[in-house]
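Below are two complexes that have subunit A in common, paired first with subunit B and then with subunit C.
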Partner chain A sequence: MLRAAPWLMIALLTLPVLAGLSAILLPAFGYLPALQHNGFGLMVWRELLETPGIGRSAGLSLSAALLTPLLSLMLVMLFLASTSGTRWASAMRRLVAPLLAVPHAAAAFGLAFLIAPSGFLLRLISPELSGWQRPPDLLILNDPLGLTMMLGLVLKEIPFLLLMALAALPQLNADQRVNMARSLGYRPILAWLWTVAPALYPLLRLPLFAVIAFASATVDVALILGPTLPPTLSVRIIGWFSDPDLNQRLLASAAALLQLMITLSAIGVWIAAEKIVARLYRALLLSGHRRHGHALLNVLGKSLMVITLGTLLISLLLLVIHAFAGPWRFPDNLPAAWTLQHWQSVGPLLLAPLGNTLLLGLVSTAVAVLLVVAVLEHESRQGRKPAQILWAIYIPLLVPQVAFLYGLTLLLEQLRWQPGLLMVGFAHSLFVVPYVYLSLAEPYRRLDPRWQQLAATLGASPNRTWWHIKLPLLLAPLATAFAVGVAVSIGQYLATLLTGAGRVSTLTTEAVALASGGTRGTIAVWALLQAAVPMLGFAMAIMLPRLWWRKRRDMTGQLT
Partner chain B sequence: MKQAVKFLCAGWHHRLRLLASILLLAINAGNTLEAQTPDPADWASVVAEARDQPLFFYAWGGDQLTNDYLAWVGQRIAAEYGIRMTHVRLSDTADAVSRILAEKQAGNSDNGAVDMLWLNGENFASLKTNDLLFGPWAEQLPNFARVNADANPDVRFDFTLPVEGYESPWLRAHLVFYYDSAYISEPPANVAALLNWAQEHPGEFTYPRPPDFLGATFLKQALLELVADSVPLYLPVQEASFATITAPLWHYLDALHPLLLRQGRSFPANGPELRRLMADGEIALAMSFNPTEAVNSVLRNELPDSVRTHLPDGGTLANVSFVAIPYNASHKAAAMVTANFLMSVEAQLRAQDPQYLGGTPVIDLSVLSAAEQAQFADSRQSHPSAPPLMSEGQQLQEPHPSWMEALERAWIARYGSR
Partner chain C sequence: MSGVCLTLKDVHISLHGKALLQVNTRIEPGATLTVMGPSGIGKSSLLAYVAGFLASDFSASGEIFLGERCLNSLPAEQRGIGLLFQDPLLFPQLSVAQNLLFAVPRHVSHRQQQVDQALEAVGLKGFGDRDPATLSGGQKARVALQRLLLSQPKAVLLDEPFSRLDAHLRQDIRQHVFQTLRDAALPTILVTHDVDDAAASGGSVIELS
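Right, the complex of A and B next:
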């Protein structure tokens, strides 16, 4: 049973993607018989490279792919270093899970309303300080360099990385490392940076690759905050795939392959940069700095995190305000009236999407957690990890969704499998399994093997060891992984739309459909509902180990 | 079933071969089996067949009022005909087109997911030229007579393409401008006059970036107003003459863009975003292809009540909204009954009522009874923000669909990356 698990997972993750990809490979080289394109050649690629602004679009995707993880990582590391072992840590930690649960699109809408020329910030200072009765004509959103888009992405990726780091930290004995360094005369922050950060980074590497892949191919954030003239490559692909002129699908297929190349090269650049940075870091570490810059790092680490998480929090708060706002004109600081009208209009439409969302999230995550635990347990009993697993995990995350999902839909059609909840759940698991694996793999592997060995010497079977030793020790990471899985499932838009033939409505499909035409009030209501479900999941993931281990402080996965 | 069992028991190369034969079977089955097609001329049997059928109606879901209206339609046809309708809310109609295309590629010619879809002329052209539509059926519907197509020939054309009974009309729409009278006293008389107006009111107007439907409509309206001879616009685009014919448009836009919101460095994505800019006071002039969008938004407190609706004085682009049935729809009878219901007096009255949808009926009121005419007159929009009544002569017909495509591409090439 366990032996089959790795192969089952590899098959589940790679076959649909490869099949879906092959369905766009042929059109990218000019072959699409359904539309009477029967020749092979590089025509489509030539057309793609001649598309105005294509270099710019590709460059935007690449720079977002590199800057987003870099900024997020630096902020997270600085914050963890400056707050290790302080009250700050636990205060911020409470914020992380609910913020992670906010869907990207919802956060982007909130941020847009915060910083737009007619947004909340400028309303606060108008007209009293600025003298503006009408919003100033400033280009803040959709700026050509994509800075606002990257800000939106960083805001959303920080909670993700922070959560991944917090899940991994308990394995590292950070307190002991810091104490050791402090006994050598290092100030606390530098002690953390020199001893804990290098051990933490390898555990964050996989999540960072996921951030790179997401940032390079994001659609929803780019649509709301990103540049428009031209937009990022991913947005253009969506446009070509949904062009009424079906011949544009050839171009879309080639562009999807280009997107894949960009994502892969961003990861390549990152890996190359890792080597250089590692060398510099070692040189810096060995230079023996013990107290230099401590005060600056302290202020930076705390204030930057307060600003970023605060921005996200206010954005979220603005969604709440909008969900109850009546007319709200510039430059009023608050709505002129409050109303339940947005909730009333949503009410009757809510039941079916909510039921589907919960069903899909819970079932696909339960299956994913079972599969991932089976794979990791097999690996731990074998004492080695099959290299193919790592690739299999990354395939659904690295291949642009729009590309292979279109092909996958085609394939499912060919097999005459009826679109519906089952197919959608299957498509969701393509994305749920990798994220569950990413959040569970390192804690699982880092579990001290001496516990197992000790149990074995006492005569316990591997299964008994798992139930009585490993499961309790891994309760916190398992709960986190489950919450991550549910959140990922809820966030799926394209997968739900395409494999469900649009018939399976979830909170996300409703929210995105309305975002194309709704008012801020209804968008805010859907976005809040969409955030509420995963938030509940994360709250439970935090509460469960605490309740279970309320008498054993070191088992609750607290920040060190 | 037997094949599936064999599949599970067979050895490896057998399995591959079997898989291939199952795939082939699926494809061949698609090609040879023709769906039972209901005949709208025998209406009683269509209604009988439709009873207890589900209906998957794929329609843009971005507007709350339209969603509510379609939910009401679902309730009514459930009560009247026993049809269980599901409104599949699309963010982009092209998603449904993708679906139908994928099914065609897979050889699924009788069991499609889409039973009926609401589509625009561009998507209609695309589906029809690729033989993805079922028909002709629409003119045989009992309620089609109410449209009075002989007196209103525009319902027989969708973006100049002959409809030929492949889609059924359900609403009318036309381009209007709306402005905030708190900020500006006089809107520009038409698109050509907009340039001078924008010089006096810089940063007060913008339009959605093509290929958005409304943005492309703005380009067509501007082109129709700026060209001396509009006849070539109703024929397919000729590559040779495109540059010459559209030169005045680009000249106009080059001058207009620096006077737009954000100096034309960024454009809103679509009509709803344009309306949000209006609600935030960023602009004072906007446009819509739904004549009653402004008044509906005022009634829902989404726009200030100082907003007024205005028609371009030289005529404005007008078209008809249609529903179509894909060639492989699973429930064609239910789709026909629903399309027929959409043209009923009851459905059209509800569509016109500002309390519900506030749209423009597609049926010809002159063929109705006096009592029915009075009902329509009673429910007409009378709010100060409501659009002025449109007369026959003010309608500009949509150019050939190839112009929309060509204008979008030329706009993107010219302004899409700077």
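Right, the complex of A and C next:
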């Protein structure tokens, strides 16, 4: 049973992706017998390349794919360098997980409320500083270059990369390296950048590739903050897919294949750039710079991170304000009155999406946790880990969602599978399993092997040991992994939309659907609920183990 | 109480092809074999091999007998070999009494009573409901020993069990452990780099180098 778990997980994570990608291959070249397309050739590609603005759409995806990870990485590295060994680092550790729980869509809506022409930021400086009595006619949201969209992505990717970095740092003995370099005369930040950063980077590589893949093909953030004329490639694929004219699916297939190529070339460009940067970096490192720029880096590293995370926090706060805001004229900083009206209008519509969201989140996470625990327990009993697991974990995160999910949906349609909760849950688990694994693997492996050995010498079988010793010792990380899984499931927009054929509504699909045409109040209510459910999950994951173990001193607070 | 002998027959252990140690010996009931040597020499891997959880990086050969029974093919939990680590390792999520109860085999009658007696025997009557984190170092060491005995081992392995104790406790606990194991007629292997441990055990010594 346990022996099968690793293979089951590898199959679960890779086969649907491969099946999805192969399902778009033939339609992309004109072959889709279900719709009486039996030809084979390059017509679809010709049509795709002649579509107005397609080059621009592709360019937007490519630039988002490269700039988002670059900015996020630089900010994270600078911040870690300027705060290594200080109290900032541990404070950040506590803040990062709940911020990571906020779904992309909710963060994007909050950001829109902050920086829109009629948003909070311009209200603060109007009319006193700006002189504006009405919202200026500026294209800040949906700007044609996609800068706002990238900002929205960066805000959400930074907590992700920070969490990955903070998890990887303990194995690097950062303090020792920094102290060594300091004893050679390097200022602390440069010491960190020269000795820790090069060792940390390889451990962030796969997460960075996941950021590239996500940024190149995001749909929900692009719908909320991205350009509209033309939109990003991923948004256009969804448009063609949901077109009533089914023939557009050929076009969508070719575009999905183009999307895959864009993502892969972005990763390729990144890998090529790595080599150049590594060479420059080494030259800089060996040049002996030990003082210059220290003060600047110090200020930059801390202030940029405060600005980024502050923006995210204020964005969330704006969701709360808008959800209860009555009339709110432009230059006013706060609403003139407060109201429950938005909640009353959303209330009756809430039950089904909320129920679906919770059901999908809890069931897909429960399955994922069982599978991941089985894999890790097998690994711990065998005393070795199969190397393929880590790559399998990243497959669904590295292949652009829109490409393989779209193909998977085509395939399921052809097999006449009913879209519904079951299929959506299955699609969610493709993303829930990797994140549950990433969250749980470290604590599971770090558990002192002597507990298990001790239990065995006392005559306990491996199963009894698991239930009585390992499960209680791992309760806190298990609860965190569970909260991570639920948060990932709640954040899924595309997987829900495609495999549910638009018929399965969740908090996320409802919120994103309002991006064009919803009132601010209702958008805020949906986005707030979408953010609140995963945050509640994290709060419970932190509280429950502490309550449970309140009478056991060594069990509180050590294993989070 | 009559025990059985622990026999190590031509035990060889190597790591990545490099030979670490070889042992060929027989330990009488109640006797202690002390294995000494600098760290990194593979002392602990000998214990892991006998207990049944040698890491897969190591390769080992040789047979282990408890009386007439060969242990090699048995998993750790069926070998009847108890182990004391450097740390007492009381399960932090269980109370003191639950720690002991976990060790009492299921077929034993009056399990709870056994636990109470075990606590009383080391002067810890009434400590059953305590959180193990609230015990002193010496108390923890005693509970760990009682827990080991309640699991009814046929032989015992000691992995530097006194090295982390404060100097004033070490003497005391050392006497207590050796006396208890002698009374229980258990063959014992002690791994240590402290010559006082070896002297207190009163048995033969193998020096590895």
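The rule is simple: the second predicted complex is superposed on the first by the 385 of 560 C-alpha atoms of A that agree within 3 Å, B and C clash if a C-alpha of one lies under 4 Å from a C-alpha of the other, contacts with A are read in each partner's own complex, and residues count from 1 in each chain.
Criterion: a contact is a pair of C-beta atoms (placed from the backbone, for glycine too) under 8 Å apart; a residue touches a chain by one contact, two chains touch by 3 or more.
Since the structure is predicted, the reported quantities are computational estimates derived from the model, not experimental observations.
Contact with subunit C, but none with subunit B, is seen for A:Pro472 once the two complexes are overlaid on the shared chain. By the document's definition of touching, neither partner reaches A:Thr148: not subunit B, not subunit C. When the two complexes are overlaid on their common chain A, residue A:Ser315 makes contact with neither subunit B nor subunit C.
By the touch criterion stated above, A:Thr263 is placed in contact with neither subunit B nor subunit C. The partner that reaches more residues of subunit A, of the two candidates subunit B and subunit C, is B.
Shared interface residues of subunit A, touching subunit B in one complex and subunit C in the other, do not exist. Across the complex, subunit A is touched by residues 48, 51-53, 55-56, 75-83, 85, 87, 89, 91-94, 102-103, 105, 131-134, 147-148, 151-153, 157 of subunit C. Taken in their complex, subunit A has these residues touching subunit B: 33-35, 52-53, 56-57, 116-118, 134-135, 137-139, 141-144, 223, 228-230, 239, 241-246, 249, 326-327, 329-330, 337, 339, 341, 345, 348-349, 406, 409-410, 413-416, 419, 497-498, 501-503, 505, 509-510, 512-522. Contact residues of subunit B toward subunit A in the complex are 23, 26-27, 56, 58, 60-64, 67-68, 71, 86, 88-92, 94-99, 101-108, 111, 113-114, 122-123, 125-126, 130, 183, 203, 209, 211, 261-263, 265-267, 269-272, 276-277, 279-282, 297, 300-302, 304, 405, 412-413, 415-418.
Partner subunit C is touched in their complex by these residues of subunit A: 382-384, 450-451, 453-462, 468-469, 472-473, 549, 551-555.
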